[in-house]
Each structure stands twice: as C-alpha cells, then as structure tokens.
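Here it is: the structure, laid out below.
Naming follows writing order (A, B, C and D), and every chain is counted from residue 1.
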Amino acid sequence: MLELRGISRYFGGLAALKDVSIKVEKGEFVGLIGPNGSGKTTLFNIISGVLKPSSGRVLYMGRDITGLNPNKICHLGIARTFQIPRPFKNLSVIENVMLGVLFGNFEQFVPYSEENVKQEALKYLNFVGLRVDESTMPDELTAVGLRRLELARALATRPALLLADEVLSGLNKEELAEASSILKRIRDEMGITIIWVEHIIGALMNLVERVIVLDYGEVIADGSPTEVSKDERVIEAYLGEES
Amino acid sequence: MFEQIINAAINGILLGGVLALLAFGLNLIFGVVKIIHMAYGQFVMLGFYLIYVLTVQLHVPLIISSLIAICAMAVLGILTQLLVIEPLLDAPRLNQLLALAGLIIVFENLAMVIWGADYRGIPLYLPILHIGNFYIRFSCLIAFLGALMTLGLLYLFLHKTYIGLAIRATAQDVEIAKVMGVNSRLIYFVTLAAGGALTGIVAAFFTPIYTVHPHFGSSFTIMAFIIVVLGGMGNLLGGFISAFIIGIVTSVSAVLTTAEVADIIALLIFILVMLVRPQGILGVRGT
Amino acid sequence: MKSPWVKKLFLLLILVLLVIFPAASPSPYLVHIMTLIFIWAYISTAWAYMGRFGLVSLGHGAFLGIGAYVTALLFNYFNLSPWIGMLIGASSAAFLAAVLGYACFRFGVIGDYFALVTLAVGELVALSIIALRDTTGGSLGFTIRNLGNAPLYFQFSNKVYFYYLSFLFLVFALYLWVRIDKSKMQKALRAIGEDEIAASSVGINIIKYKMTITIISAFLTGIGGVLYAQYITYLNPHTLSGVEVSLAIPFKAILGGMFDMWGPTIGTAMIVSLEEYIRVSYGTKFIGISEVAYGIALIVLIIFLPKGLYGTLKEMKIFKNERRRQYGCNKRKEVILRGR
Amino acid sequence: MLRVEKINVSYGEFQVLHEVSIEVKSGETAIVVGPNGAGKTTLLRVISGLLKPTSGAIYFDGHRIDDKEPHEIVELGIALVPEGGRLFPYLTVYDNLKIGSFAKRARGGFRRTLEEIFELFPILKERRNQLAGSLSGGERQMLAIARSLMSQPKLIMLDEPSLGLAPRVVSRVFEFIGKIRSQGYSILMVEQNARKALELADHAYLLESGKLEFHGGREDFLRNPYIKKAYLGI
C-alpha cells in the first residue's frame, strides 16, 4: 500500500533521515519507534506532504506521491494526527471534525448540507468516545480529549491509511490503555491501515503486529515485537539502557 | 557613460555607509524587540527638521544642534516604546505593525502642521572633490566616514559591555535572558533609545546632502526595509553588506534611468527576496 | 436585536431612511459626505473579506489605483465607456492580485510578511503611475474628460446618482459577505487563518481558497477605485494608490472591527465624519491636524480595543451569554473527563 | 529555603496547577516527577517569575517572590536550567557563561567562578570560543548547567535535564548533578525519568494533571505501590 524508497532528508547539512526504505501492506498495524530525534516525525511529515524529501520517493497504491501538497495526499486517503494536537481553536469541536468531512477524501463525497455533515462528524466523535455538544470549544478539552479530537478529525477525512503521531503522550496510565484500544478498533472495525509513532513503547509493543525502529535517521530493525525486542542494535540504541 | 556609472557606484558606496547605519537601527529593534518599526524613517525626518529649526531659525552651531537632535530622537524612541510598543508587546504582530503605521500618519502630519509642505534645507555648502574625471561630494565622504565610525563604536558596545551582551542575548531568547537576570524591559528601552539616536545621527549626516519635507521619511523606511530584508531580518552583518549593494544598485540605476525607476527596482528586489528567501539572501548570521 | 424579526425590521427601517435621505437632506453637502462614506465603506468591506481571515493586505491601494487608472485612461484616450472599462480595470486589479497572491501563497508568505510584501506592491504601483507621467500625468494627477450628463459614460450632472450607486455597491458587498459566510469557503478560510498545516492535512486546498478570496477582494476594490475616481473626476497617485491610501483602507476596517460585517462600514463612517468635522471646524488653518488626531485615535484604539469599536461593543453585549455557555460547558467537561 | 504555598496557575481559561505546595530545604535536593503535561515546567516557570500565579504565595529566603520580576528573583539567588538547555545558540560558549553572571551579585566574581567552572567542565574551556549552537546534546546540557552556576545561586532549578539525550549521556549529566549536589547547592529538579532522579533526591513530589498527588522522602516514595507501578515500572 505504502512504499518508501530511499528517503533522505537534510536540515542544513544535518541528516534527519538517511536512505529510509519501508513497505507497509494494506491492513497492517505498524509501530514506528526510536529514541528522541531519530526522525519519526520527520518521516510522517514527508509522507503527509508537509516536508519534501531531499531524495527518495514515496509511493502510495503504486502511485508516486512524492512532493504533492498535503491536501492532495489527504484526498488520496492518507490522514494524520499531530504530535502536539493542533485543533482549530476558534472553531467548535464539532466544526473541527466537520472540516474533515467537508474537505477530506473526495471519493466518498457527502452532498453538502450542514445537517448531513454534522451527523457525519458526530459519528466519528462517538467512535473515538468524545461526547461534546454544539458549543464545546477545543480549549475546554483536556489532553485525552484533544487526542480524541485529533483522531476524530483525521478519521473524518475517510482515510485508508492513518499516520498516528504519539497518540499517547501526556496521558496517564488508565488513559493510555483506552487510547491505544481506540487505535486497535480503528484498524479492526474500520479496516484502516495504521502506522503509529510512539515513544511509550510498552503500550505499543502489546498492540502492533510489526515494529520498525529508527535510530539517527536509519532503520535499524523491522520485525515482530518479539523479534525487535531481542535485536542487539535496538537494545543498544534504546531499550537496553532503559531497563 | 562608463565613467558616469563608476562615479554613481562610488556615490552608492558612500551612501551605503549611512544606509547601513539606518538599517542597523531598524534591524536591532527587530532583532531585540521583535517588532517591525514602520515609522523608522519618519524619525529621520523629525530629526532633520529639528536640526533645521536649531541651526537656521535659532542659529545654534550645526554640531551642537546635531547632538541635541540625537538625544531628542533617543527620547522619542523611548517614548515610542513606552506609549506604543510596550502596551502591544503581547498583541498579535499585525496590531503592532498597524499601530506603528499609525505613527507614520501622526509624525508626517505633525510635520505638515508645523512646517508646511515646503522643502527645507540647511544652507551649508561643502566642496566637491575632483579626482580625475570623478566627482565626490565632500559631504558624502564625511557622512560615509562618520557612519563607519558609528558602526564601529556600536560593534564595540554590543561585544564588549555587559549591557551589549544582554542585548544580544535578549535578541536570541528573551525568556532565558530574563532568567539570567536581564531586565528585558530595560533592554527594550535601551534598544529603542539606541535606534532613535541612530536616526538622529543619520539625520545629522544627511543635512548637508538633502532637503527635507514631511513625506521625506517614508523613502528611508522603505530603503531600510529593503536592506534589512535583503540581509536577513535580525542579521546585523547581512544588513551591513546589503546596505552597500542597495546603495550601488539604486545610485547606478538612477543614473541610467530615473530616480523613480531606481526606486521601483529596489522595491522589486524587496518583493522577490520576501517571496523567495525571507530569511535573507546572505546566509550568514552574526550579532 | 432580540429576534431575527426585530433585526430585519430595524434593517429595513435604516434602508428606507437611507433611500429617502437625499430628498430630505437639508444640504447637498451631507449627501456628499454620505456618498464618500458609502464608497470607502464599500472599499474597506472588500478589504476585510481578506483581512478577517488573517490575510492582512497593506497594499490595497495597488488595486484601487489600477482599477481607477485603467478605466479612466481607457476613457480619456479610447473613449471607452467606464461601465465597460470598469470591468477591464477591476480585472486588471484582480490579475495583479492573482499573480501576487499565487507567488505569496506558493512560497508560504503569511502574516506580517504578507503585509509587508503587499505594502511594497502598493508603493510599486504608485511609483509606476508616477514614472509613466507622460500618460498618467504623474504626481500632478489628471482629470477625467467632462461630458456633462452622460449616464452611459458614468457621468451624472446630478451627484445624487452617485449616492444611490455607491449605496448599491455597499449593499452588494455586504450581501456577498453574508453569502461567503454561508459557504464552504468560509469554513476553509477560517481553518487556514488559524493553522495552515493542520488545514491542509484535513484536505483543504490552501492556495485555492486564499486565491479565490484575494481575487474577489481585489476585483471589488478595483471597482471601488473607479467609483471614487468617477465621482470626484480627478485621479492622483497619492489619493488612489501608495502607502497612505493602502494604510487608510485597513485602518477604517480595523477601527470598526474587521471580523464583523458591519465593522468596516461603521469604522469608515466614524473616520470620514471625524475628518470632515475637523476640516470644517479648523478650516485650512492647520492642514494635517485632522490626520494627526486620526492617527492618535487609531493607535489608542488598536491598543485598547484590538477587536475594533463595533467588534468590542458587540462582544460586550453578548458577553453574559458567552460566559454562561462556557460555564455550563466546564461542568460538562468534568463529565467527559471523569465519566469514562 | 524555598516555600511554594498553595499556588493556582492558569493559561487563559485552562487551569494548569491546582493548590500546589512544595518546599525545598537548604542544602536539600527535591524532585518533582509526573507525566508529560502535568504542569512540572509550569511550576518552575512560576517560581522563576516568568509566569504569575493567580493565587497562592512563594517565599524564598524569607522574601515573598511571587510578585517579583524574573531578574529580581535571579538577584536573590535562584537559577534555572531550562528544558532542553535553551542556550543562546549564536553566542560563544564564553559569552553564554558571561551572560550567566549578569546578575549584579555575580558580576564581581565572574573571573573566579569562570575558573571554577572550567575546572569542573574542562570541555567547556576547550570550546570557549565556539558557538553554543555547535555543541553536542550532552555538552549543551553541561553548558546550561554551568551557565546557571555562573550566577552563584543558592538554589538551582533543573527542568528535565535528561530530555532528548541518549541514555549514556543522561548518566553523565546525572553524575554532574550529583557532583553539584555534593557541593552544597539546593536543587529543585523536575524529571520524567523518575528512577534516575530519585537516586539524587532527599524529597520527592508527584504531580499529576496539575495536582500534587503524593509527596514524601525518598524511601516513602520508593515504597508507595502506585508510584512503583506507574513511574518506576516495578
């Protein structure tokens, strides 16, 4: 479904990503981990079109999407959430999600009527378990609420592939389990392929089927959670010092 | 024709020195207070009028009236900070921009009310040097050397004193400068005072060269903007270099075409740089 | 404004009053002032189309000048009726806006950078008009050929026609504002104004919407230039283009409050009245004193009422409801947090 | 030495800290642990005067400081090592250290303190003329700590000193903090890396969603079953 071919990205001479090649199949639930500054978010920014790679290509459903604008990529069916939630603060929570419905993936276009769009938006808000009313503004939500809003807005664009960026950061233990179960349900019930970046590795390892590890902008491991946690280089770079 | 161009280029370099001084002040204010001082050129205009009033109407010697003007402009800078900039420090950038643009209207029309729309100049005739086929105005030469000296002193101030260091630190990260014990409010006042004083100095150097009228300032604001943007906003070294580039480009193109076309060319450069590389074309950074 | 019904009746009343105003007015001078208010209110409303979405242009003088000059030059030199010339003039303004907008949006020039670029463009157009002095008359300006009463050539011996005409234009601009508010575009532009990256990641085509609103705004402003030039039958680069006009337009809108559809109109009414009042009471003794007062008023207003006069008043009026709403929600927020 | 009494802090409508009280005794090290977004950084910002509490009081050495400006608080002897170091990247290492001694009480002793610092961190002496932005992550954190020492503080506040550093470097940074601690400075440290930080602590606080959930000596902390599970992973 998604294929990265030799992606590199430099910031003023510093390499954030070096020759990264990854393949993700339809229906997979992939975790992407790595220490701080290893290039995870940069990779997401490149896939979603916010950044252009210095070299390499991004292929999606066999089509070259390198360097397309983010809105174009969203229309093709790739949605993302942001590491630091970026709600539109002057729009209500429902309006935030309605934007996704209105401007998202065109293939399943809903005829424009305020009511239709609102119902559609509420559907996604319900799915992620965020119950709000008409007038709730994003700044009234807490950390968990904002994460849910991010997910609902991304889902509202009706993606085939979801890039989830640190959905768990800022949450406490109870909230962790719940938020990660939502991700699982998105994959299982909606059939959306997910790539999940996370720095809370414990929660991720329990859920995903495959883990890719980045370190200093390079892929150092790719395999099932059990394989990866046994990998020498991963332990060296990451897990080893933790325990 | 070729000689004319060379001569224009030389004049451009001489002019560039003063422009560098002007741009330095704008740049310093932008770098430290993070504010685009829209009414900066109008300070020069007011300084010019002040010198005019003191020398021509009150018969104060030029040097002394220049010094008075420099101090007065520093005070005006402080007042601007106190009355306009400080209340808007946490406001959206555009509100700051528009309030300072409001100052343009106030200053220009105030000058109009007091001095009317006539051109005023100081009757001071300095010799023109002939070197071979080239003509260099002595007043330009003085302005150039004076500007370079001022810039040198500014460099020493910024690099050798505690307060200079605090200014440079504040430019990079106000919040951390504060927790280092820097009183940022004081630093802002010092910066605006220094920026104001610089416009006074520029006015003093320009008195023998130009005549003044109420709308005299805006062309200097625009010129200073162009230089600052070309060199990269907040980049003092870049501003210094691009002052000479702009000085040469405008005076050479003024000789080849007309003064308006020269201004149009400068504006086009400005727009292009803003579009393509708002961080400036000179990729160096130094404070 | 208790109910839509009362509000509609109130609007209708004002409409009727404005329509019969010229007949009832004690002096043509008042009609003249009202006409000026309509024209500038129309222009600053057109400006606020962009401004309220964070696209603050300080170069609308460019569009005003191009609209006016192209139309007037076509009339003076080729005898083309300003009714047709106006479309060409406004299209030229829109074309410049399209080129400028595309360049800015392509390279991601936003916020105060956008303001500075447009400021430069406004000045550029003014300088070009001066530089082309052989055709445009340069700084001295030029006068539109007088045909007496020639409605087909946008000239009326009775200035009352201009009153009604500019009134219609203003009503049209306000109507368009409402239409935009009900469209999908308004939602997109609000999102873009807040966070471009997030907006594009939910599929909003940033360049398309920003271009659309910029072109609409420039086209209407271009027509505004024609309206003003035809009314006073004289063009000058300093009154139609350049920094001063370019700043005066947004100032009017901001003074009233650019986020509300009535803001620009109210701001314009205030400034034009203030200018006229000072001019009449002090005459020509202190040329410029009214501008000084206006400049100071502006700075004070930006500092103390950043949402503009009308915007702030309106906010205060609904403030109580607003609070209650938020309070109610805070309670519910607890439910959202703890309930699950 | 430092006493924070029941402070409430809000960003606009959103309350970040609720009735938080902490205390650091002279010569002691206190740590505040808690997840991301719990309000730890906010706490340090309030103490250093960058943010004003809506209610409550802060006392330092008998002075009430919650209404003082940041530069006045520095003069009283509180130094902050901000999150991620926050050096002045375009100043040299030397200038970064010099600005550290900007407080009037520290200026006189600038030379002497500098010598001490160079002894403690020889690498900084080597790099004194390099731009701070060109240092490696670990060196930057060292410089940030050294810069705070330049003001000859009585209390040093560290904001997540381990953030963004490789595990090996983290150990080195904590070693240095231990060294500073042994020289008798009072320390208030905010950390996510609870296990490492607790090794240095005399007293610890747990902050969750802006509320102080637990506090006690190191031993009490290590014994608490909830903390053991949630933050120490035991």
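The rule is short, and it goes like this: a contact is a pair of C-beta atoms (placed from the backbone, for glycine too) under 8 Å apart; a residue touches a chain by one contact, two chains touch by 3 or more.
Since this is a predicted model, take the numbers as computed values, not measurements.
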Request  = Identify the chain pair with more contacting C-beta pairs: B-C or B-D.
outcome  = B-C
Key: Gap in Å, rounded to a whole number, between the CA centres of chain C and chain B   = 32
Message = For chain A versus chain C, what separation do you get between their C-alpha means, in angstrom?
response = 42
Query = If you average the CA atoms of chain A and of chain B, how many Å lie between those two points?
reply = 49
Query = What positions in chain B touch 2 or more of the other chains?
reply = none
Task = Specify, in ascending order, the residues of chain A that touch 2 or more different other chains.
result = 140, 142
Query = For chain D, what residues touch not just one other chain but two or more?
reply = 13
Request  = Draw the chains as points, connect those that touch, then say whether the picture is a line, ring, star, complete or other.
outcome  = ring
Note = Checked against the stated definition, the touching pairs are A-C, A-D, B-C, B-D
In the complex with chain B, residue positions of chain D that touch it = 48-50, 69-71, 74-75, 79-80, 82, 86, 88-91, 95, 98-100, 102-104, 106-107, 147, 151
Request  = Please name which positions on chain C make contact with chain B in the complex.
outcome  = 56, 58, 103-104, 107, 109, 111-113, 115-117, 120-121, 123-124, 127-128, 130-131, 243-244, 247, 250-251, 254, 286-289, 291-292, 294-296, 298-299, 302-303, 306
Key: List of chain D residues in touch with chain A within their complex   = 12-14, 35-37, 163-168, 170, 208-209, 230
Remark   = Contacts from chain C onto chain A in the complex sit at residues 184, 187-188, 190-191, 194-195, 197-207, 325-326, 329-330, 332-333, 335-337, 340
Request  = State the interface residues of chain A toward chain C in the complex, per the touch definition above.
outcome  = 48-50, 69-71, 74-75, 79-80, 82, 86-91, 95, 98-100, 102-106, 112, 129-133, 135-137, 140-142, 144-145, 153-154, 156-157, 178
